[in-house]
Every structure is written in structure tokens, then in C-alpha cells.
Amino acid sequence: MKKKKLTHIDNNGKSKMVDVSGKKITLRTAIASGIVKLGEKTYKAVIENNISKGDVLAVAKIAGIQAAKKTSYLIPLCHNIFISNIDLNFIFIDDKNSIEIISEVKTESTTGVEMEALTAVSIAALTIYDMCKGVDKSIVIGEIELISKTGGKSGEYRKK
Amino acid sequence: MKKKKLTHIDNNGKSKMVDVSGKKITLRTAIASGIVKLGEKTYKAVIENNISKGDVLAVAKIAGIQAAKKTSYLIPLCHNIFISNIDLNFIFIDDKNSIEIISEVKTESTTGVEMEALTAVSIAALTIYDMCKGVDKSIVIGEIELISKTGGKSGEYRKK
Amino acid sequence: MKKKKLTHIDNNGKSKMVDVSGKKITLRTAIASGIVKLGEKTYKAVIENNISKGDVLAVAKIAGIQAAKKTSYLIPLCHNIFISNIDLNFIFIDDKNSIEIISEVKTESTTGVEMEALTAVSIAALTIYDMCKGVDKSIVIGEIELISKTGGKSGEYRKK
Amino acid sequence: MKKKKLTHIDNNGKSKMVDVSGKKITLRTAIASGIVKLGEKTYKAVIENNISKGDVLAVAKIAGIQAAKKTSYLIPLCHNIFISNIDLNFIFIDDKNSIEIISEVKTESTTGVEMEALTAVSIAALTIYDMCKGVDKSIVIGEIELISKTGGKSGEYRKK
Amino acid sequence: MKKKKLTHIDNNGKSKMVDVSGKKITLRTAIASGIVKLGEKTYKAVIENNISKGDVLAVAKIAGIQAAKKTSYLIPLCHNIFISNIDLNFIFIDDKNSIEIISEVKTESTTGVEMEALTAVSIAALTIYDMCKGVDKSIVIGEIELISKTGGKSGEYRKK
Amino acid sequence: MKKKKLTHIDNNGKSKMVDVSGKKITLRTAIASGIVKLGEKTYKAVIENNISKGDVLAVAKIAGIQAAKKTSYLIPLCHNIFISNIDLNFIFIDDKNSIEIISEVKTESTTGVEMEALTAVSIAALTIYDMCKGVDKSIVIGEIELISKTGGKSGEYRKK
């Protein structure tokens, strides 16, 4: 059986998961955040809970929590891990008509939960967009980033 | 059977889908975009296809396409619709070490595909983060927004 | 090629979907209901929105809507169909410390949405249980049934 | 950066998972049950395996097992956990033309499996409805409740 | 804003769905098949329904039907379409200790169901493997192929 | 309460998971393989990366990895387990115009990953079919089998 060397796979199809077998199970946490920039009118409607599709933040919070649990099905090379806790909070930034979303995710596992925290923020932000898009289609989602992580061999990370 | 009036549901649990029965089936399209801001070193590694987890954009593109198909399972009040096409493209912005993601989604349905286009961009961006996070955890995802939509009763939208 | 007659498949493995090709696309609706029987203390806590896990009915409503969209993945022989609308409402029955859940689902399709309406009620009921189980594990979910359906060849159904 | 106090989130968007990090991994079990009330003719058809859509209980059993594994995607604040075993059994109650469904779920985890057991029963019951609804739409699903649980800090629970 | 030409995307990240907008909705069917080669002892146990994990073909049939509905979530560039019918049948080939799986899938859509038919066969075959692997790990799944398709612009296909 | 003995359940609805509670958590691996037989023209197009739908192997690899994570949702009696690593590789067999797919899956769990390895191969093979079916519908997928497994009480298995 003659086999050809696969040169172009080395370059193109080379995606690979990180092998986490043998890594220690430790408590790992990640905090991520993002900002949804609304127009003044929409911002006021969200704060006053006057969006006709419903309570924007209640729905966004549930969506974020559920998305975090599905992270490994969304991000191709993520591991499917047990998540100990997912928490989302919202901060109103009046002078920017913006809502900041902050997620905190915890696990006791062999790999971290950065992607779970970032996914929770992203889907919560998209849900805010969806709830408000009948009023305003110019909403912008931005500044999605990792704030900090703890646990694991690579140790702590804290955004500068 | 005595029943109590549900005052607090009116305020809290009032989430509701938009009823699209009776709406006309027409071709509807949506274009969305977002930007992933990398550091210089990571940006160069992505361009030169030197990220050890694999071909970043190939994986991100697949992830974005697949996520668009799952939009109604991620965004609670979205309708599950047949999608005719999902396309993602990447633009390298050298002087900002940034990758712009542009998605275009089409349907022939009774409701639009803005959320599908925005979800495709968001999950593609998160996948870029995931592929590169071993190199750089300070990546920021931003400027996720709707560029344009066509079709349906509300007509065209074009970002100003 | 000798083939053996499959007698035991005729009895055991015979599950089959209903072939709906050729059926007419019409508006079809279904209304279902169910009752969650709480203890007095838990009932009061739900009404007063004092359950520590959060706003019980807001979470249950979202869970019910999302479950309806997943019906064909949960009930093996259901068709995956486009759903035009899903609505859930809650009625408080004070003298029975019970919450009645009523769902209404609509589609324009070749098959009905009875299972979607019943699934929405069931998962909303289970979510109420989950939110309250820290307080009371003796909650009982009951009387899940179809109230009415319209559309399709079999015509209207109305619970007697 | 001025931030507004989020009074209405305290009331509305407050849903939260239980943080199970630090909890001990122990064997935990849950047994749940529910009853499907059929008409006499349908009951007889199920017992005699004469329902045209197939073997009702074989399909319901598979549906219940698969649903238990998806519990955390259906019930918003449930944890995604590894399940060691899921078992479903059916008891025929002749004088009530009813089928009782009993599920038993086991895990070795930091949190219990009550919701998994209740979800298995609920989806198995809905599947029985789906298989039989061509014959009888007046089927009622009821008495879904937790029979017992073991393991974990809160200890044993047994239905009175 | 200077933008770099993306030469390497042209080669690597170029995956794209087929745009089916504007295509005609017609009845489309696909028939696929595959063969599971068992050892003599295992083959006999399946035929006589003596596999301890349960009724092999009943479980495989359900698994195949459910997988067909999930095809677009498994095969990245497939469209999510409404499926009118999925049917699976098994043929025992005594002199080869083999089970042939035949699936037939129908849709009224703008694109075909070849992948749905092939996915149904593949997952049914894997389920047979799973049910029997306690007895025999040397089972081989083979000859998964499209038998025929009808409908659509490309017209009929029939395996030679 | 009179209860009837369920004789026919013993034969028909008897599917059951293997109870893995109490089993030891150990490193377990599985290697599986399968072969996609293409025509000469299609084989050449895949090797030269000239298939219009995109980079066939890059997409197939992602599809296989993602499918392995979903195994327990596809194969009814599989356990949902944490997977430490999934790797897929492709070998070109020139004289047979065939691509061999080899998957390796690892876990630290109480049960093995044979089904995950076989599912990864199967879905990667189907994805190759999907990418190439515009060129050639006579592709055949075959020889899907377990090459080896290690770990667990049943010990090592190696294909003869």
C-alpha cells in the first residue's frame, strides 16, 4: 500500500485540540466583559423595562448562562467540560447609553473556562440586540475581552 | 376557580416572540461585521498561518457558518428558519493588527436573518480568540454590528 | 444473496414517522396546558418573587419557548418544522397553591404543533420545579394536556 | 464613569445558578415518576403493540434516556453533569388505562440528578402522547414528581 | 484604511455553502444504504434479540431517524431543511452475518436530502456497533453509499 | 392498585445503558479508522485542493472533532463524558483513489471512547462526501472499524 505524503495538510487541515489528559483537576475561574452601545431612546427603554419583546436583561442573562454550557459545541476546538457556576451581571453606563455585561465562570477541571466566559458575554450581548432591534438596528457590540483568569499551569491572568 | 391577577408578570416574565404567521415569504438578506484586535505578534502569526492550534480562519469560518444555523437555539426569541446561504469573509487590516469579519446570510422566509449574520460574526470572532489565546489573552472583539438588511415589510436598512 | 425474512422487526423495530410530503401548507395552531402544584410557602414565594434562584416565571417562560423550538430533537418521530409563534402564560390558582401554564404555538406548515405546545408546557413546568426545589421537593406537575388545535386535514380539536 | 444603580435587576433579571465548586463528588441518585392516562382503546393498543407509529414504549424509553442527557440544555439553571446511568421502566395500571413511568438516574458528581430523572419521565410521557395522538388526542400526563433522592449534603429525600 | 490582499484565504479558508436562494421548492428524495458486518455469534444474538443492551434494531432505527434531523448541525456546509419523512429498514444477510441498513428521506425544499439519508444510515450503523460492542469489538461498517435520488435541477441519480 | 405484568417490555423496550457508577476513572484511549473511496477525478481534485466547496480535509477534520463531542447525543445509550483530546488524520492511498481517516480519542473517565472515535471517523467521512458530491455521487464510505483501545477493566483491544 503506497501512501503519498500529505504536504498540504500540514498547512491547511492542521487544526488540533490541546490534549489535556494528565493535567491536574483544579479550580479555574474566568471573568469576561463586553459592552452593548445603544442609542439614547433604546437605552432608556431598556432601563425602564419598556421594550415590547420583554424584560431585556432577564432574557439576556438566561441566554448567556445557557450559551456558556454550549461553548464546546460552538467553538470547534474547545473541550466539553463540567461548569460549576456561571454568573452574569449588567452595569448601566448612563453617559454612554451603554450596558456592560460581566460574566464569571468557574470549573473544577483540567482546562480553563475563558471561552465559556467570553461566549456567555457574546450571546447575552446578541440577545440584547435581538430584544431591541425592533426599536434600533444601529446597536453596536464591542470590547468583548477577558478580564482575568485563575487556576491551571499558566497561572493567573489579569487584563492590564 | 378563583384566579389572581398577575401584575408582576406584566413587568417581569413578559418575554414574547414576534408572531410571524401570515407574513409573506420573501428573499431577505443581512450583512454584519465585527473586528478582532490582535497584538502585532499574533496578527503576524495568523496571517502567516503559524498558530499551532491550526489554520485560524478556516476553523473560524466553519464555526461561524455552523453557529448561524443554530441562532434560534442561542437567542431565545429568534425563530428557527431555513437559511439559503451563509458566507463569511475576512479582511486583514495591517495597520491595526486586526481582522475584520464580514458575514452575509440569506433566507426565503417570513422573518429576517439579522441575528443569524451577527451570530456568525460573533462565533467566528470567538473562534479566532480561542485559536490564538495560547499566544495572547489580551485580544479584544469589537464593533459587531449590522451593516445592511434587505427584504421584508420594514424594508432596507443600511448602516450610516 | 439470500435474505432472511425479518419477522421480529415487524413487531419491535417498526417505529415510523408520518410522511407529510404532499400535505398542504396551512396555518395550524395548538394550545396546551399543565399545572404545577406547589406547597403554600413555595407558592407564596413564587408570587412574591422571593425564590433565591431568581424570577421563576421569567426563567420558565424562556425555557418553554426554547424547548418548543427543540421539540423534534426531543420527541423521536416529530418533524422539524418552522414555528411562527410560541406564547406562554401563567395563571395563579390561589386556593390550590398552583400555577397553570398555558402555551399557544402557531405554524404555517404541513404538520401540526401539538407536540410543540405540550413540550413548551412540560419544560416550563420542570423549570418551575428546578427554581423551587431548594425550598420544596414535593412539587407535583400534572394535567398536561392538549386544549385545542386548529388547521390541517384532521381539522379542529377541542378538549371536552 | 458614572454608573446607575440597577434596582430593577435585583427584582427581574436575578436568575442564578447554584455555585457547586468545592462541593464533594459523591454518588447521587434520583427516582422520579409520572403517569400517562390513556383512553381504554388506546391503552389496549399500546399493551398489544398495535399503534401504527411503532412500539410505543421502546421509542419512549429511548427518548427519555436521551432527554436526561440533555437536561442542562433544557432547564436553564441546571449544571451539565456526567451521568453514570439512566434507567426507565413502565408499569401498566389496567384499571386506570394508565402507564406509569419510573426513571432512575445516577451520577458521581458535585450536584444531584433530580431534574434529569424528572426530565426523562416528562419526555418519555410526551413521546407516548406523540405515538398515540393519531388515535386519541385526549391523553393526559400527570403526577410527575420526585420519588426519592440520595447523596449530597442535603441528604436523602423520600416522598411521603 | 489599508487592507492586505488575502491570498492564503483563497486556498485555505475558502469553505462555502451552496446558495440555494431562488431555487424551486420541489419534492426531493434520497435513498442510501450501508452494511454492518458482524461475527457469527453476534449476528445470531441480534437476530434472536438476545443482546443485553436491548433491542438493537429498534434503538438503531430511532437513532438513525433522529440523526437525519440533525444533519445540518453535523455536516458543516449542509442546509437546515424541513424533512417530510425519514424511513429506515434493515435486511438480514445470513451468509455474510451482515445487516444492511436502507434509509429513505423525503423533503419539499430547495435542496436535496442525500446527506440526511447517508447520515441516517451511518448513525444507525454506529448504534448497532454500540449495542453489540460488549460482545464483539471487531464489527466493521462499510459500503455506505447513495442508492438513488430524485428531484431538483440535477435530476435523478441511480447507483450503477 | 392492580398492575399487569409487562411481558412484552422484556422483549421490546428493554434498551438499557451500562451503569458505570463505581467504575474507576482511568486514562482510556481509542483509535478508529475508515476509508472514503473516491473516483480518480475527485481524488485528484481533493489532493490538489480544487473542490469548489472548499478545503475538503480542513472542513472534514473540524466536523469529525465536533461530532466526537456530540457522540452521546447521537448514539442513544452512550454516556456523556469529558473528552481530553480528539485528533484526526488523513492518509492518501493513491492506487485506490481513497482517503483513509484515522481518529484518536482520549478521556479520563469511567467509560471508554470507542464510540467517540468511530463517530469522528464517520462524520468526517460524510463531510468529505458532502464536499465532493457536486462532482461525484458514487463515493463509497467503508471499513469503519476500531483499531485499538486501551484502559478500563476490559483492558486492551487491538484489531487482528
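Labels for the chains are A, B, C, D, E and F, by order of writing; each one numbers its residues from 1.
As a working rule, a residue touches a chain if its C-beta (ideal position, glycine included) is under 8 Å from a C-beta of that chain, and two chains touch if they have at least 3 such contacts.
Note that the structure is a prediction, hence the values are computed from the model and not measured.
Enquirer: Which chain's mean C-alpha position is the greatest distance from chain A's?
Expert: E
Enquirer: Report back the single chain whose CA centre is most distant from the CA centre of chain D.
Expert: Computed centres place B farthest from chain D.
Enquirer: Where does the B-C interface recur among D-E, A-F or A-B, taking recurrence as more than half of the contact pairs being identical by residue number?
Expert: A-F
Enquirer: Centroid of chain C to centroid of chain E, CA atoms only: how many Å?
Expert: 29
Enquirer: Counting only Cα atoms for the centres, state how far chain E is from chain F in Å.
Expert: 13
Enquirer: In chain D, which residues are in touch with two or more of the other chains?
Expert: 11-13, 15-18, 49, 55, 58-59, 62-63, 66, 70, 76-77, 82, in rising order.
Enquirer: Using the touch rule from the top, collect the residues of chain B that touch chain E in their complex.
Expert: The touching residues are 27, 47, 49, 55, 57-58, 60-62, 65-66, 69-70, 82-87, 89-95, 106-108.
Enquirer: Given the complex with chain F, which residues does chain E contribute to the contact?
Expert: These residues of chain E touch chain F: 11-18, 34, 49, 52-55, 58-59, 62-63, 66-67, 70, 74-78, 114-115, 118-119, 122-123, 125-127, 129-131, 133-134, 137-146, 149, 157, 159-160.
Enquirer: In their complex, what parts of chain C are in touch with chain A?
Expert: 55, 58-59, 62-63, 66
Enquirer: Quick one: in the complex, what on chain D touches chain A?
Expert: It comes out as residues 1-4, 6, 8-9, 12-13, 15-22, 72-73, 76-77, 79-82, 109-110.
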